[in-house]
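Order of writing sets the chain letters: A, B and C. Residues in each chain are counted from 1.
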Amino acid sequence: MRFKDLDIISMKDFSRDMIDHILDTAEKLEPIAKNEEKSDILNGKILAVLFFEPSTRTRMSFETAIKRLNGDVLSLGAVDASSITKGENLADTIRVIEGYADGIVLRHPKEGSAKMAAEMTTIPVINAGDGAGHHPTQTFLDLYTMRRESRLDGVKIAIAGDLKYGRTVHSLCYALSHYNAEITLVSPKDLRMPREIIRDLKNRGIEVKQTDSMEDAIQDVDVLYVTRIQKERFPDPAEYQRVSTSLQVTNELLKNANPDLKIMHPLPRVNEIDSGVDFTSHACYFKQSFYGVPVRMALLSLIMGCVE
Amino acid sequence: MRFKDLDIISMKDFSRDMIDHILDTAEKLEPIAKNEEKSDILNGKILAVLFFEPSTRTRMSFETAIKRLNGDVLSLGAVDASSITKGENLADTIRVIEGYADGIVLRHPKEGSAKMAAEMTTIPVINAGDGAGHHPTQTFLDLYTMRRESRLDGVKIAIAGDLKYGRTVHSLCYALSHYNAEITLVSPKDLRMPREIIRDLKNRGIEVKQTDSMEDAIQDVDVLYVTRIQKERFPDPAEYQRVSTSLQVTNELLKNANPDLKIMHPLPRVNEIDSGVDFTSHACYFKQSFYGVPVRMALLSLIMGCVE
Amino acid sequence: MRFKDLDIISMKDFSRDMIDHILDTAEKLEPIAKNEEKSDILNGKILAVLFFEPSTRTRMSFETAIKRLNGDVLSLGAVDASSITKGENLADTIRVIEGYADGIVLRHPKEGSAKMAAEMTTIPVINAGDGAGHHPTQTFLDLYTMRRESRLDGVKIAIAGDLKYGRTVHSLCYALSHYNAEITLVSPKDLRMPREIIRDLKNRGIEVKQTDSMEDAIQDVDVLYVTRIQKERFPDPAEYQRVSTSLQVTNELLKNANPDLKIMHPLPRVNEIDSGVDFTSHACYFKQSFYGVPVRMALLSLIMGCVE
């Protein structure tokens, strides 16, 4: 396996061995992420952080990752505050940034933009979300969270919310297919996982169940992964209200849950998880958010050639 | 006294001993603030700078403070350029940031937000202004400026401007009550210091005079502290004009002033102090602004446990 | 020559000896700009980056320059996200920043603002564009690019585009007059170089030709320097279309060009250079953009007194 100069564009490019190596590396770097240890691994490295859409969480997580390793950040800034407004195209921007930085993290509304950027430059590019496309570092941190807080190999997981449009959930399911997961899908009828994805998963030998009842879904799982349902998907606000209430995670719902059940959420949440749940041992979403740091540390160190 | 992990929310939480220790620490760190000496005191530390309202001066002062000590900054960025726009609540933001940083500086329009944030997280929180609430680091730097440029213990001070709504002025008066100050208040009739504050100060043994004449006020003081009067307070623009002119500090006004008089202002100013005053030995407001750096260095070093 | 504390306001302030020394210094620092070597030259230094207009490229280039030398940056942020909106004047801002930083890079829409800023403060100020005024670091990097990629002394150069309003082109021509350049000017009739500049250049012994034909212009030159023509200059969109097409650089145009011809452009481009040209050996504009880094490293190191 060679990670130096590798672009991180889509989970589909990663074998189980590669994923395991990334997660192993993240685990080694975790004490640095917690600032229990100091490190100079990325000293002198500059990461360009190009966010053409707002995403505080992802951006800050990458910035923390490189800064904890003593590297530095070059930020595009708010997009309208840049020469982008003068009409420059992304390809030129990437080739200019190549002269300034040792790696690029790109978030861009256009599907395929990260792949295009990677083709334009010799420095490694990380896709931090390209519209309806991919967001692989979210998936890596999801896998890492299961490994650290529950179990990854053979995990029984219920995934709830908008499974039709939620790109990260599709990516997560494919990744879980490397780990003999048992997947239960919970969604309103109109937001079900696309059939071709379910077929793909079954072809890979993964057991997939579907239900629209949260109570049924969480009977016997290790992990409940909750995602946001966007109001905009529903022409009728009353229907949105009904659906989001029926899927809401509350302490009431969790009364009979497996005591070891861990609840994950990519955040930000709206009201999918009641704040009362935050104080239970089930709540795992803030830890999950933190785990983005060691995972991104691992990715940056590997692709910048500073860790093997 | 134990400062490690202490939240800096309100001046009311600080005894004279604590204030003195902070100012002593600032004085030790001042050569680093001036870049006459280098320091690694906060090496490896990350300060999250969360400004939900613009405040260039305060933000930059904190950033300089941590960078001069070799720590680094994680910035929320312009607020609309963040996932805040997706409707995330402050409590969740704070718990996410906790995974990224070793301390938080928060400015937020809502009174009480800093206190709430501090209760949500185990990392220390500094209140850099919470609406009509508190802004304690401004008060610390005001006290430090008096100590360095005039005198703090027993200082005779005239405070002029909007004394009704100016939160920092109230905070300053309470803090000065630890130092046997003699306070003269100068304000237009409708913007006088609230009676309960004056009563509190007198109960603490502080002499408080009131006047609406700048000439009277500066007869015999060490420090003239000027604050901004906001146009919006006056329904009648002509009345604003009259009031702001009557309180304006000019070289003409200062002709008979104590030669050692020092003029302070939290900045930015509009026209409360004529620019001609800038070149006199009375002008102390740019130094005051600089003193924000050693004072914030001291606070950061103390609460991050890197200085005793 | 003494560079410590020197302000970089206008090319007119620089003799050939000074320019040569800056370019020599840039050449020494180039391996650090490429991250082939590490450096601590500006360790502990803070550069305030005050951009009152967007200019991603220039800002990032300065930030990379100081970060590669282990200094740090203090950013004003997006302008509307600052207390500038409270109406503070530039002079006060500069005097406040003086307390935070060891140098200032200023971009401001008002001509003369950098000079004014430099007069307000004892720390060095670099003009990164002041409206219709100057932008000297662009010129330094242009000269450096010729020196590295073609030749600077005695260079035969064609300069094409808007030569009337393009401030950087005027500055470049004056600078080239130190180097016995032969200059061919290519522009639409209404956007010709002002006569007084041509006269000045001739008085300095520089050969200047004018043409409106790109084909003629590039017959026998080392460098083709292309600049943007702004649509807004043309009341008639059809006229803009005609003009910009007639000056567009394409592989067709370059068929008979000198094989060593280097094409430069300050970027961002719109359609002055067809993207097909990017993959030829003529294309030099992305390298030119990169050369901004060693040049700005040299300037920062010299004026901060960290390199002789």
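Basically, a contact is a pair of C-beta atoms (placed from the backbone, for glycine too) under 8 Å apart; a residue touches a chain by one contact, two chains touch by 3 or more.
None of these values were measured; they are calculated from a predicted model.
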| item | value |
| --- | --- |
| Residue-number overlap at the chain B/chain C interface, same or different (half cut) | different |
| Chain A on chain B, rotation in degrees - Cα superposition, rounded to nearest 5 | 120 |
| Geometric centre distance via CA averages, chain C-chain B, whole Å | 41 |
| Per-residue multi-chain contacts in chain B, two or more chains | 77-78, 81 |
| Residues of chain A that touch chain C when the two form their complex | 43-46, 48, 72, 74, 76-78, 80-88, 91-93, 95-102 |
| Footprint of chain A on chain C - complex, ascending | 35, 38, 54-57, 59-61, 63-64, 67-68, 70, 77-79, 81, 267-270, 275, 286-287, 289-290, 292-293 |
